[in-house]
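Consider the two complexes below, in which chain A is the common component and chain B and chain C are the respective partners.
Our next item is the complex of A and B:
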């Protein structure tokens, strides 16, 4: 019961306290305007480059924006605690680590999902890109899978934040890697072989591919394998993140380096 | 001469500090690089070659100059406030706007590093041959664009002094400026209502001048407009800063907003 309380109430409290982006002054430009600007930028660049496929750029750039809260908010679960001076209290608490950190991931997943859905709906209306209403249910599932897997990667970032102070820089770099490799603006099949291998191990890649297929009329069962791969990657990164958190926490205690990262 | 010395010394000091910052130094180099890589791949996918690829290389490399300024300039005065140095800047016996010129100019200079890095990346990783028809014109265009973007950054820095979360605004305007200033998309391809906005933004003229010099056309008319718009930002920034500083002194809100 205590773990459930930590998971739900602790997670929500931590999200509200640490993720400073919930202010409308940040939320509107970052979560609502920037994804739309990114969609328009790449749609127009695509047209200039001779790849006039607005729907491709709309889907890729809308879905990848789910990564913004997933990466940055999870990084803040450690970085924010350090900034507010509460990291030693968190580490000293007897709370179980799995519900503690996974609880923090839940609101972030919802946040990422809503950002991508907003960008996709608004972008499709503004660009007049036709995405059949019958496909929206499946697309929502694919976006949710992307948000979950990316939050897994964010959890790994949170663990690294015990050693790296510049969490914003780290999250920006990871986001940049996703934009290049995850098939956001260039289909994975059109990339060199080594990039395809890297892409296969990144969150978003499979989810974006599934979203494209769903928008083109595929059934959810047709992309089930792709979505399972996406969720599997999320679980892998989350597991790595939790293991790394445990290791770094042990090291921080042993070497008294918690606040000196 | 004292003014030049002030700008020069402060620019060098700021540049050294920013070069050692992970956010201002490292990320300003890497983040536009990610976008440039994607863009190079898109143009390659579209079988672009010759002038189209050269134009894309010039535009995507110039993106770094704006990228280095947009978020950082919007947040610059908040940083001074956090560090406790905003009062010192306001009390200095020089116009407040003038003190911000080296600050934003140093950001744009970091952007120039990014530009060189992106051009090299395009050459080494994507085999894009950068044949500049008018090297002198191109060099002058780069210097003027760096200066003009620095001035635009100064205007943004001053205008956002009262906005606690200015970095979010600065971050949000990064991509729209890439788009509407014709870094990669011809301004004529944008909707008609956007074009007047493009015309009053100095990067539009700077990038057009770079592209003209690279293609062997005359860059000087575009450079003239670039300097004119940049100078107008300086003028507006001077008036806005006087008003802002007066308001902050009168209401004792310099450290509080």
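Our next item is the complex of A and C:
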């Protein structure tokens, strides 16, 4: 029972406590405006170059923005504790770590999902991109899968925060890698072989591909395998993140780095 | 039948060495022995003080006892649980409060801070609301609990820290300089709170820089310096241990020539000093324990104009300074 409370109530409370972007002055420009600017930029580049249709750039750039909260907010679940001086209290608490950290992922997943959905809906309306209403349900599932898998990667970043002071730099680099490799603006099939291999192990790649297929009329069952691959990657990264958190927690006690890393 | 109770905290040869590295290419490392084999035991219901200068190893010792740091030597048990092998069991039963205004979620209200820590410490949901309310009353934050912590004064934050540390009714409470930065009224209230906790059966390990606080509160005190315990006893016994006996202070308006030397030559006088304070000179005479040099000193001051004459016992601060300097 207590683990459930830590998962749901604790997760939401820590999200409110630690995610400093939850202010209108940061939230609106970061989560609502920036994704639109990114979409417009690449849609117009695409139109000028005549290399693909608007829908391709709209979907890729809208969905990848789910990664912003998933990477940054998740990384901040440990980095934020260090900044507020609450990290020793968290480590010295008897709370079970799996519900504690997975609970922190839940609001982040919802945040990422809402950012991408807003960007996709608003972008399609402003750019007059036709996405059939019947496909929206499936697309929402694909975006949710992307948010979940990306938060898994964010959890890995959170673990690293037990060893390094600043995670925002790392999150920025990971976001850049996703934009380049995950089929956001260049179809994965058009990339060199080694890039395709890297893309296959990244969150977002499979989810974005599934979203393209769904928008083109594919049924959810047609992309189930792709979405399962996306969720599987998320589970893999989350598992690695939890294992790394456990190891780094022990190391921080041995090396006395809780206050100093 | 004699009932033998186990100490609540048992520390045996506990040591912690820190290794710091610097340099990117030519890396060099340095080892600092913060705690060098300290041993002590704290009985149930005792208020045990750990006194020492900055960097003496007080906080490092506490961090090892609350499982935040792994010792590099020795062993420690809290409530029968080893702090390394049974860290989880220790965490469930101990509370930890440290001084300063960090360690709280600034964006949350005081109430939400307490609710969150109640979840982390496994306070059952049906008890949590009542417990949080009790503690807010106890620390005097009732009525301010819905305000964000970022707007709290330092004293309010410290009181919230104490409430947080007590949420799960810990059997052992570690207080690491809890009164630092609190105004005198708040510090007095804090001391009363700590005393009440001990009266209700909580074992407390307290570190502080304030001698009167340790003197007033602690059943026993360990003086720690350079990572080692240099004395461990009750406050009154610690005061007896120091060589400084009675202290005589006299305000003199113009100490005649040669008087200081004459007083110093008295057989029971250990030391004499003169400090100028305003228009008066304060003659401070440290006498051997169990002697009274007032008459002899007054005899040398015959004909001088003097004001305040005070005879006082050595304070814990006198004892502390002597012990730490000798370490």
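Going forward, the second predicted complex is superposed on the first by the 260 of 261 C-alpha atoms of A that agree within 3 Å, B and C clash if a C-alpha of one lies under 4 Å from a C-alpha of the other, contacts with A are read in each partner's own complex, and residues count from 1 in each chain.
Everything below uses one rule, namely that a residue touches a chain if its C-beta (ideal position, glycine included) is under 8 Å from a C-beta of that chain, and two chains touch if they have at least 3 such contacts.
The shown structure was predicted, so the numbers you read here are calculated from the model rather than taken from an experiment.
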| item | value |
| --- | --- |
| Chain B versus chain C as contact partner of A:114, first or second or both or neither | neither |
| First, second, both or neither for A:180, with chain B first and chain C second | first |
| Touched partner set for A:38, first chain B, second chain C, both or neither | first |
| Partner chain(s) touched by A:29 [first = chain B, second = chain C, both, neither] | first |
| Which of chain B and chain C A:256 touches, first, second, both or neither | second |
| Chain B versus chain C as contact partner of A:127, first or second or both or neither | neither |
| Shared contact residues on chain A - chain B and chain C | none |
| For the chain A and chain B complex, residues of the former touching the latter | 21, 23, 25-26, 29-30, 33-34, 37-38, 40-42, 44-51, 166, 168-169, 172-173, 176-177, 179-180, 184-186, 190-191 |
| Chain B residues touching chain A - in the complex, by the definition given at the top | 22-23, 26-27, 30-31, 33-35, 37-39, 41-43, 45-48, 56, 163-165, 168-169, 171-172, 175-176, 178-179, 184-186, 189-190 |
| Residue ranges of chain A touching chain C (in the complex, touch as defined) | 1-2, 5-6, 9-10, 13-14, 16-18, 20, 22, 84-86, 88-95, 100, 253-256, 258 |
| Residues of chain C touching chain A in the complex | 16, 18-19, 63, 66-70, 88, 91-92, 96, 100, 102-108, 112, 115-117, 119-122, 124-125, 164 |
